[in-house]
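Letters are used for the chains, namely A, B, C, D, E, F, G, H, I, J, K and L, taken in the order the chains are written, and counting of residues starts over at 1 for each.
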Amino acid sequence: MPGIYKIIEVVGTSPVSFAEAVKSAVAEASDTVRHMEWFEVVNERGRIVDGRVEEFQVTVKIGFKIER
Amino acid sequence: MPGIYKIIEVVGTSPVSFAEAVKSAVAEASDTVRHMEWFEVVNERGRIVDGRVEEFQVTVKIGFKIER
Amino acid sequence: MPGIYKIIEVVGTSPVSFAEAVKSAVAEASDTVRHMEWFEVVNERGRIVDGRVEEFQVTVKIGFKIER
Amino acid sequence: MPGIYKIIEVVGTSPVSFAEAVKSAVAEASDTVRHMEWFEVVNERGRIVDGRVEEFQVTVKIGFKIER
Amino acid sequence: MPGIYKIIEVVGTSPVSFAEAVKSAVAEASDTVRHMEWFEVVNERGRIVDGRVEEFQVTVKIGFKIER
Amino acid sequence: MPGIYKIIEVVGTSPVSFAEAVKSAVAEASDTVRHMEWFEVVNERGRIVDGRVEEFQVTVKIGFKIER
Amino acid sequence: MPGIYKIIEVVGTSPVSFAEAVKSAVAEASDTVRHMEWFEVVNERGRIVDGRVEEFQVTVKIGFKIER
Amino acid sequence: MPGIYKIIEVVGTSPVSFAEAVKSAVAEASDTVRHMEWFEVVNERGRIVDGRVEEFQVTVKIGFKIER
Amino acid sequence: MPGIYKIIEVVGTSPVSFAEAVKSAVAEASDTVRHMEWFEVVNERGRIVDGRVEEFQVTVKIGFKIER
Amino acid sequence: MPGIYKIIEVVGTSPVSFAEAVKSAVAEASDTVRHMEWFEVVNERGRIVDGRVEEFQVTVKIGFKIER
Amino acid sequence: MPGIYKIIEVVGTSPVSFAEAVKSAVAEASDTVRHMEWFEVVNERGRIVDGRVEEFQVTVKIGFKIER
Amino acid sequence: MPGIYKIIEVVGTSPVSFAEAVKSAVAEASDTVRHMEWFEVVNERGRIVDGRVEEFQVTVKIGFKIER
């Protein structure tokens, strides 16, 4: 991976699973960021309502190449 | 989130996935704890039998509001 | 768990989920390692292509009993 | 500190400062727990509303002696 | 907290206390960032001049909702 | 380890060694908690009096199965 | 900051707040150490008496320039 | 350092050394960011090709003053 | 310590103490690994049976020189 | 613990156990430091010779009250 | 990086720099391991003799693809 | 390494590289400390001026044998 990369931190959410929450974060970031190459999970949390898991929340760092 | 919260640590298990293990932990905790609001994953482990993953184990911290 | 155990570190990949990536790592390790008993997730990363998650990568430590 | 101690994890909140949030957590815990001797800050967070800090949230571990 | 969130890292300063340094960081960020919802303290440092604390410096992560 | 587990945090003390401090914590916890299965050391500290170690203090997390 | 620096670790206490505990540590250290330039908080703890916070304790690392 | 600072995370690369990778990251960031004052190394990695280190990769956090 | 070293991770067990668990791990590893020079404790856990500590488990990293 | 405390870091060694290595470090420190009150284990390592543990090494932080 | 990877931990040394110590570790590992793709620095230490740095020691994790 | 060791924390600086900053810290410490045996890097930071790295700063822990 020659070149320079920038890393942003994003939280994605999903009612289904951690993997879907990650996909959601990446898909959303793709609206404004190009050349994304990798992600790394920072932490996994979630919201509970009425004694049930209502939402999975995954914080990810996403790395993308800086265009010159 | 005004008020005071208590945090407990629970391990949930599932033969299917980490998300199901979390749901299992929360569902079980709901039998005795009320007003749960969030969880945070502490670690993810599992058991292997005969060269295959038999069980996913997720340790979660669960936060709930203290009733007065 | 009486006895002595060795721990190896392996990275499994999957296009679907973190759980599948773990299963993949364990299944592959089973070709050369016997008596595996547990795994622990070290970190969760992934590759992004064209603004979408292409691959989930999970680094796991796997513990197995040393045969005498 | 001879004897056996138990540690619980509690989140206190305050609109004013981190120290007040800790005091709030300890005061509340004192309703149901006796013989508390020390606390340790686990993390400091807060809520933002309309571009201003509305609430300081401090997670503390509190140690107390177990009565026989 | 349904939706997607972005996290930025900011350092606020104050001659008075850690809480004021956090407030300062959030107030300043509000000039350019909207929909901020929470902060988390990353570390607390400070500057010493002539044997006295001259400035408290708090690094915070701030989460805000991404507007579509 | 199929099922759901709860984790508590306890500090045991001993004038002799870290191992004895752990045994002390577990023995005491057994008065009120059943089905304990494992412990994990969180930290090891101690008290010094007159230039000598007077007490070893070990904080352990203890996991036990929740009975239905 | 050209030159060589030494770092010492000190615990300051205060009945009022974490910021006051830091100031107390720095003020005390200034009796014997010169050219102190920065501090970094290592952990925040405290003592509880009769169900109330009696003392805030902050462990700080303090950096100072070595005079030649 | 009175004022407010923002921190960004960048990965620099170099075929020669970690120090050159850092310089590369900072030089590139200077194209779009002004008033940078410090960096902190987050992690050091690299790529291996044909049994030799081909590239050093250093992730750094860079702090810069926010202009009003 | 000039030269190149490899590090392996091993879990030793003992019914008596953490030190004995370490000795057990090192003794067992000596059957297949030569030139071991140091160990470092990674974590200390154990198994509880009938409310008593039945086994101390210590995970150690062991470093040994690679023979050419 | 009202007052100001200083923390030093020391490595003690013993051919027998981790507890003895800690005692050794504290005893030695008592030659030059007074008013020591507590220690905390930072890490546990050791030396291996001829396939056997020859020495336990424990790094401890020791806190002592500063005399005015 | 589709496929399965194994991670080993190695310590390289050099009298010159951290980068050279990494290169040394990788070059040595290449004698017995094929398909190495990346490394990550775990820690950086060194030996001092007569008041001078005699040796830089870098512990690296090295990832390589498992051949079927 | 039989005996008792003390550990100090020092920051060295260099305009050239991290390795030179370490050498600088050790050389300076040798003016007042004898019997230094090892160092360990705690963190690596630096100062940026006019968009360029002006100074590498390395915090190291240095261990030395206590003379009786």
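FYI, a residue touches a chain if its C-beta (ideal position, glycine included) is under 8 Å from a C-beta of that chain, and two chains touch if they have at least 3 such contacts.
The shown structure was predicted, so the numbers you read here are calculated from the model rather than taken from an experiment.
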Copy pair subunit C, subunit I: interface residue numbering same or different (half cut): different
Whole-Å gap between the CA centroids of subunit F and subunit J: 22
For subunit C paired with subunit F, centre-to-centre distance based on mean C-alpha positions, whole Å: 31
Between subunit K and subunit B, distance of the C-alpha-averaged centres to the nearest whole Å: 38
Multi-chain contact sites of subunit D, meaning residues that touch two or more partners: 8-9, 17-18, 29, 47
Pairs of chains in contact (touch as defined earlier), listed by label: A-B, A-C, A-E, A-H, B-C, B-D, B-F, C-I, C-K, D-E, D-F, D-G, E-G, E-H, F-I, F-J, G-J, G-L, H-K, H-L, I-J, I-K, J-L, K-L
For the subunit E and subunit H complex, residues of the former touching the latter: 8-13, 24-25, 28-29, 47, 55, 57, 59
Residues on subunit E engaged by subunit A in the complex (per definition of touch): 1-9, 61, 63, 66
Subunit H-facing residues of subunit L, complex: 16-18, 43-48, 51-53, 56
Subunit K to subunit H touching residues, read off their complex: 17-19, 22-23, 26-27, 29-30, 34, 36-41, 62
